[in-house]
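Have a look at these structures, which come just after this line.
In what comes next, chain A is part of two complexes: it sits with chain B in the first one and with chain C in the second one.
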Partner chain A sequence: MNKDHKSSRAVRLGKWLVSGPPFVYLLWFFVLPSLIMVLASFRYPGEFGGLAPLAASDPNTLQGVTLETYQFFFSDFIYSYVFLKSFLVALATTLICLLMAYPLALLIARSPKKRRDLMVLLVILPFASNFLIRVYAWMIILGPQAAFSQTINGLLAALGVAPVHLLFSPFAVLVGMVYVHLPFMVLPLYTNLEKHDPALLDAAQDLGANAWHRFWRVTFPLSLPGIFSGSALVFIPVLGMFAIPDILGGTGDMLIGNLIKEQFLSTRDWPFGSTLSIMLTLAVLLIVWITARLGGRGRHYA
Partner chain B sequence: MRRSWSLWAAALAVYAFLYLPLTIVVVYSFNDSRLNAEWVGFTWHWYQVLLHDEDMLLAAGNSLFIALVSSLVATLLGTMAGIAMHRYQLKLLTFMVLTPVAMPEILLGVSLLLFFIQVLNLSLGMLSIVLAHITFSIGFVAVIVRARLAGMDESLFEAARDLGASPWETFRYITFPLILPAVIAGGLMAFTLSIDDFVITFFTAGVGVQTLPLRIYSMIKIAVTPEVNAVSTLLMLLTLTMIVLASRFAPDVLKDKT
Partner chain C sequence: MARLELRNITRRFGEFVAVDDVSLTIESGEFFTLLGPSGCGKTTILRMIAGFDLPDAGQVLLDGRDLADTPPENRSIHTVFQNFALFPHMTVAQNIAFPLKMARRPEAEMRSMLHDALEQVHLADKANAYPHELSGGQKQRVALARGLVNRPHLLLLDEPLGALDAKLREEMQVDLIDLQRDVGITFVFVTHAQVEALALSHRIAVMNAGRIMQMDEPARLYSSPRNRFVADFIGNINQLNAQVVEAAHGHLRLSVAELGEIIAPPLPGAAAGDQGVYAIRPEQVRIGVHDEVSELKNHFDGEVHSLLFQGDVSVYKVGLANGAMIEALLPNSASGRAQLFEVGDAVKLGWRHDAGMFLRE
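And now, the complex of A and B:
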């Protein structure tokens, strides 16, 4: 009896020893900073960046808490416009990634078992090179002197169309986004497709379904959970991306991430930067909620 | 499989899309021209430039140091988190470990910037970068360790208990040796993530400290020379080596990453 008591205390002690340190670390360097950001969005900006004091002796200085940053967000249409544009870019990136990833994932899933690991590794490998390098590669390809741009503009000239500048354009941003995020779509799709039972397709074939029907009636509905998780993995990081528009886009190609970066590093209006970050967080939560609901439906369907 | 040739064609096109851009970066790093436009001739010149670029070497040293320290701490904390998540099913801890991995990086970057300056009154530099890198690396290590534990046979631990082993002895002689490959793979992963990180470092570095990605970023933004290609090629080699190492320690890690 006494021994049991002692061992249950040892178990509880073990639980605290194991979960305590990571819990405390993340409380300090993840939870607390996030809460601070929520609070900061209700403050005034400081005179030289940072935040204005909560209480100051001089009544003329900005102080206390306010809803102004949120009012400001909704008063100027430009902010809603940038959010809308970011959503559209994220949506377009997700759809293009899906179109490119699906055939590849399907092929890998239907390849002999021995070859699958290698094919998956080949998808992950470029993804392991530095993110900036992958974006930089497109700076080279889309640059005005590069063979690719010259060919495109040669074709356009033959058609009698004025030459286009590929780099620093919305097109370049979209290409960069797709390139960087494509593996996020391939992997969950493959994981899903790999689990499909080939007997289902055989059954469908025996029942007279042609290839087209077998795909749309069997494979596609069963792969919906994979599509949803891949889409979330692409959509969410694209929504907050600032580096790709920064490097490949022109001055007009700002997305939410660029707005946030400006507020924190150039304009130094931290309360408004925090407000924009909160809005981005809400947008991400909305996406997660939608995906979870659709994912749930997908499972029903399957 | 009548349709399989079109599937192959589509897949090959995607593989080409994945590899062509990086191949161009590597090839042009040996190109005897200031412009990344056409092939002129072979040269080692850009690698020599790189070796004499003191800013770049300093940045590389900083990156290595940051990656080493942050991956060591993250491996320790992440392993603990992975064990805790598996054994005790702590919902709150799991949420805290996984959210920094799943949310857009910029959010973690700016909230840490705000926290370091406004609350801790910490001047930005090495320390702030290391602290930030630990935060996002914990999740990756924890996920790898938890996946390993989930694939293990619970009866091993029961047997150890039945034979009179204390919780510590069970951990020391059973659990730890079994999860060690996952711990090493997680550590290598944390190291690679730290050395590669741009976004979070960008916000938490301040003006004094440069890391390799920050240096590459400013070169890309200001003046592009094939020196960027040379450093990119070397960085790719390093990452490739890390992946090979990680996959040797835990062959299933690469597949678990989904």
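And now, the complex of A and C:
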């Protein structure tokens, strides 16, 4: 009895030793800053950035606590519009990634075991080079002097259509987004598809299912958990992404991420930047919740 | 109802000949078993019947029609897979209805066929359960119902009892026999377990190294194996190297080195000088100390080497003068029978002159 008690205490101590450091890290560098952000969103901006004092000596300056930033957010349609646009870009990126990643993941999953590892390595190979360098590379590829643009515009000219400018457009943003996030869709899909029992497809075929039915009635429904996790891994980062629209987007292609960055670095309106961040966090949590509920249906056979 | 015919089927994988010129005919409504050790080609044959594999030579004919150009999904042949291969994302009812959906049966007909199938395997109360909520035996019954529901011409069963524990396996054997009789569909069963094969089948093809060693009814396979492989594979059998001394009209006289003579039933074509083995089932060997054994034509002195008490029977291993070990099976019908002999006892061993058989190499 005493020994059991002692060993359970040792186990508990071990658990704390293992989970303690990351716990403290997240508490200090994530929870605390998030709380500061929540508090900051209810303050006035300082004269030169930062926050206005809670109680200032001059009664004419802005001070104390306010809901002004939230009123401001909902009073101007432009912010809801940027949110909506960001959602649409994230949604489009997710769908394009899904359509491109699914056949690739399926191909890898059905390849001989030896070749699979190499193919997975190739999928994650782009991570070996810097993210910004890879995005800047697209500036060159999509630039007006590049062979790609020239070919497209040549084709358009042949059809009698005016030439298009590919770089600094929503198209360029989407290309960059898809390019950067594709592996995040391929990997969870592959992990899921690879686990499928090939006997199920044999059984389906044996019982009269042609290739179309084998895919839609067996492979696809069984891969839903992979689709959900891949989609979450693409959708959420794209929603907050600012670097790609900064580099590849035009001046009119501002997304939430750019808006938030601008509040902190250019406009120096910390309270409003905080408000935007909080709205973004809430939106992401809502999506995660919906995804978890939809994905939960498939949990028992995943 | 359908008749399946394999005509000179050969299948090679590189240098390896998995199935070597196999021909057989399975009659309509028959419970036919392909029996053999792993790698003997039985599963390859099953896959060729189902259509997942094609023979390099030969034909698969169903009711006289060559199936070479018919893909698995268009063959009226369904399979019960080794690990059932139930769709994990579908309920029991959805699993069983799958072949009906694929066949585009009308809604009303589908409902009644599904209902009948669920009743047949006693799973009506589990219709909305998912496979992971079922026991092994229930999964097995879902797989059977799914294979039978669309009334295929042929049902293939690939070691379907292998995943069940011993007790359940015995129950399922009885269920399988009943089910096959009720539905009247031709069953082709593949197994490496000879007990299962003997209990279930109308006919058995014993296979080894891609060839059929013998095709017969279970009782004949057991009592009259045609070669050493079949004798060895079906049940237990004692084997003694022997040479024919005299091939008389009604019997064979064999000589066993360092032991003496054995009188065996006649074998057509056997001649003096033939080398082979004399084989006899353990339950045909009698053990005694008295003259009752000595009166038998074949009798020898021996010493009890080991004794395995198994409840209903006791298995004795008795060493003979030439060093050979003979297994004898004695029923424990009389109380205290198991204690009749002890290890080390000198005993007499004997069997009737019409028991056992001579098998040429």
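One rule holds for everything that comes next: the second predicted complex is superposed on the first by the 273 of 302 C-alpha atoms of A that agree within 3 Å, B and C clash if a C-alpha of one lies under 4 Å from a C-alpha of the other, contacts with A are read in each partner's own complex, and residues count from 1 in each chain.
One rule holds in what follows: a residue touches a chain if its C-beta (ideal position, glycine included) is under 8 Å from a C-beta of that chain, and two chains touch if they have at least 3 such contacts.
Since this is a predicted model, take the numbers as computed values, not measurements.
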- Message: Just checking: does A:51 make contact with chain B only, chain C only, both, or neither of them? Give me first, second, both or neither.
- Response: first
- On chain A, which partner touches more residues: chain B or chain C? B
- Considering only the touch criterion stated at the top, classify A:78 as touching first (chain B), second (chain C), both, or neither. neither
- Query: In the superposed arrangement, which partner chain does A:209 touch: chain B (first), chain C (second), both, or neither?
  - Reply: second
- Query: When the two structures are overlaid on chain A, which partner does A:158 contact: first (chain B), second (chain C), both, or neither?
  - Reply: neither
- Message: After the superposition on A, what does A:117 contact: first (chain B), second (chain C), both or neither?
- Response: first
- The shared contact residues of chain A with chain B and chain C are none
- Query: What residues on chain C touch chain A, complex-wise?
  - Reply: 50, 52, 71-74, 77-79, 81-83, 85-89, 98-99, 102-103, 130, 132, 146-147, 150
- Task: Write out the stretch or stretches of chain A touching chain C in their complex.
- Result: 197, 199-200, 202-210, 213, 217-218, 221-222, 298, 300-301
- chain A to chain B touching residues, read off their complex: 7, 10-11, 14-15, 18-19, 21-23, 25-27, 29-34, 36-37, 40, 50-51, 100-101, 103-104, 106-108, 110, 117, 120-126, 128-141, 143, 145-147, 179, 182, 187-188, 190-191, 211, 236-237, 239-243, 246-247, 257, 260-261, 264-265, 270, 273-274, 277, 280-281, 284
- Task: Please give the residue numbers of chain B that touch chain A in the complex, ascending.
- Result: 2-4, 7-8, 10-11, 14-15, 17-19, 21-22, 24-25, 28, 35-38, 76-78, 80-81, 83-84, 87-88, 90, 92-93, 96-97, 99-100, 102-108, 110-115, 117-119, 131-132, 134-135, 138, 142, 166-168, 192, 196, 198-199, 202-203, 213, 216-217, 220-221, 224, 228, 232, 235-236, 239-240, 243, 254-255, 257-258
